[in-house]
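Below you will find the structure I want to go over with you.
Just so it is clear, A, B and C label the chains in written order, and each chain counts residues from 1 on its own.
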């Protein structure tokens, strides 16, 4: 689950005291593939910061991203990305967006530096700036000496980093990340998620992450958009969406004992769900010191508490609820 | 003398910190696109072939220069070549031959294979390698269209092949201009420079388009190169065979116009056929030149009979141009369709 | 349903090693995998694919033995007939429909006629593709392709099922469905071996793991047991975070415990505290007493090192 971290102060170049303007605005957008309507009268705003884009396969996420990048022309409605209209200014938009595609991709026969510099040139950077910036971005993405080797020799984790670097090199104001942790081992995934979190906060850059791995989204994003069938089912900040109505705690024991739950009953504690030695307990609202109750129950029942915290609704539950509703 | 007191910062400007902030900073610099968006792609294509010591390109280039060099030498030493053949009673002579144009044309037809080898070397992998590496996903996520991509790739290969065909030809032209201007070379041949350019760029354009088409439809450079070579050789052989057969019938029916076209239905045939029209030379002039020119003819006039192995007529220009147009347009259309099918984000 | 004798582990590695020229694939691996769900973990290049290839009979060990259901699986039709494999790679005949593809593979397994049709229908239904299986594979999304792969793996009711990153590309709904499928199969007695990088899912799936690194088996067995063993290691300090109303007073109390080797306070927050201990077992035992005696209000207690991810990191970085 996400570790609550203090979000650094907003970007130095933001002069407004209230929240920065949304990075993309979609109004009654309809997009068709031949005769099939994939997005029907869709309206949403993508706020600045890090946003997660979720939805089952076929929900229209891909179509939405393609439209926002100017690859698809809407049948009706309007979509503005950083103030530019997708129907008229597709190339201008792509100059200010970075895309990290899901599939493995690179330019053959180049080292990482050459590749990223070339990507910068393709976006319109002057060649000298492109090389300088390529080194800077590769350094940021954690590729040290390896950047002089050819891309074909890289491991999956490094290939993902290079994909991120080529998306960042021209200084985009909006970044689309499509399954950024695909195929990376757990340690690399950790580093990639830290990178995403870092780049999307306080650097003058907004990020949209499309992923099926909900804990990844919880860890990096501030808000989410849940889509289904070409519609937005749920949208909001993670904080809002994960609030629970009652007082719940997630408790992890060394080994589960029935006596533990029974010891909590006199104080009004009930078991909501259990998975192995991980429990979810509900308490009466306004209960003053739930921690103490838990420790006492543990002492009485002879178990060891390994951890507990205020439960939030997991993003998975928010997601399931959003797509199952009628 | 060093200051011991630090200079106070001017009001309103923060003092620079001693430690540089090396966290990520956004790039707010110039982001203009080139007038030709495809130019970086062309440059990258050229660089890939020039940097890597690609012998398959440099050797043909070298040989091409060598061939034109020898043509120049031969021209210089063989004064007879500059005489006309019409004074020996050769009833096949179609008019005075331009010896300069003939030499340049000879250069053009001698470098066929070199162009093919160079095209395979620099062109086979140009899109095929991208297909394997999914490079198009990177290209398309930048402010480029698929047309920009194709144009950039085409220009890259075209400029490389043009270097092979055009540069040595220009040098030969320059040699003529320098050595024979006293004979009125430039005055008598005002349009020759344009013809040189046109005749050299034509094969480059045709071969570039063909190899690009094959490259776009393959995932491996080897397959693209093999298919292109197969097309080249097979059409060449077939056209030659059919041509010979028709020639036998020709002497009876005198249908030389059709024969002229059909025997040149190969890639080289088309480019040579158009080249002939560009340089304004006729087949018999070429034959005579190749057979050693006027000297032999004067010694043995009876030997000068219509050869049963060569076509005597220049092929119909509009038809040749049409076929050349097809050879350029079809592979490019095919390449465009393949490139159009690539989806940047797959659902 | 083919059943095997419960005593015999279904997969057995006995000092198996495999190298490719100079490169080591597996280095003296010995382990046993029985019925139920077991997760195969490790960084890229650790030897998991070599391990899987040996189980599925694609490779033979250079030394040692690999036995599946009691016999070496290499080119062994008896074993392979009861083994299901869902590989990671994604290459199909794009022109076939999903149903045709599965049917083709079923035919290759020897099924005919009505049994063929029944098995195909059943396995397609189990992966939730009944309504979409007649479309061409070329148009499938990644998740759909994944489900078809699983369908062909369970077609013949295998007693050993090997799945390499089976949830790749699946949306959260699909992940749940396939996870349920795997758990059901494991409960029915099948030996299910899953290789995955997604640790939070592995944690929910099973307690049984095999951890590999650079060709060696670093840890095997239940996560609980591994954690217990790690608890007993007094050299590596573990970190535990607390949110409490009076951290510094509580710290004074905690420092009296011999198991506590250090305390750190939060910089931004006045209630955040981090305790370092080399004996988590004793620390957690003593914590309730200290909390109750001092009447502290603890709102949050986390030992991030307990989670599978942190555990693996410690194990993988051990010298």
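Quick notes on this one:
Heads up, the rule we're going with is that a residue touches a chain if its C-beta (ideal position, glycine included) is under 8 Å from a C-beta of that chain, and two chains touch if they have at least 3 such contacts.
All figures in this text were calculated on a predicted structure; none of them were measured in a lab.
Shared contact partners of chain B and chain C are A. Central chain (C-alpha centroid nearest the global protein C-alpha centroid): A.
Relative to chain A, the chain whose mean Cα position lies farthest away is B.
Here the CA centre of chain B is 58 Å from the CA centre of chain C.
Remark: chain A and chain B have CA centroids separated by 51 Å (rounded to whole angstrom). Averaged C-alpha coordinates put the centre of chain A at 24 Å from the centre of chain C. Residue numbers of chain A whose C-beta contacts span two or more other chains: 57-58. Residues of chain B found to touch two or more other chains are 346-347.
Among the residues of chain C, those touching two or more other chains are numbered 141-142.
Considering their complex, residues 42-45, 141-144, 165, 168-175, 197-200, 204, 207, 268, 281, 284-285, 287-289, 291-292, 295-304, 306, 309, 312-313, 316 of chain C touch chain A.
Of all the residues in chain A, the ones that touch chain C in their complex are 3, 6, 54-58, 155-157, 182-187, 189-190, 212-215, 252, 254, 275-276, 288-289, 291-292, 295-296, 298-299, 304-310, 316, 319-320, 323. Contacts from chain B toward chain A in the complex involve residues 22-34, 40-41, 44, 48, 52, 125, 129-130, 132-145, 344-347.
Residues of chain A that touch chain B in their complex: 57-58, 61-63, 65-66, 69, 71, 91-92, 94-95, 97-99, 101-109, 118-119, 121-126, 129, 133, 137, 139-140, 152, 166-171, 173, 178, 198-199, 203-205.
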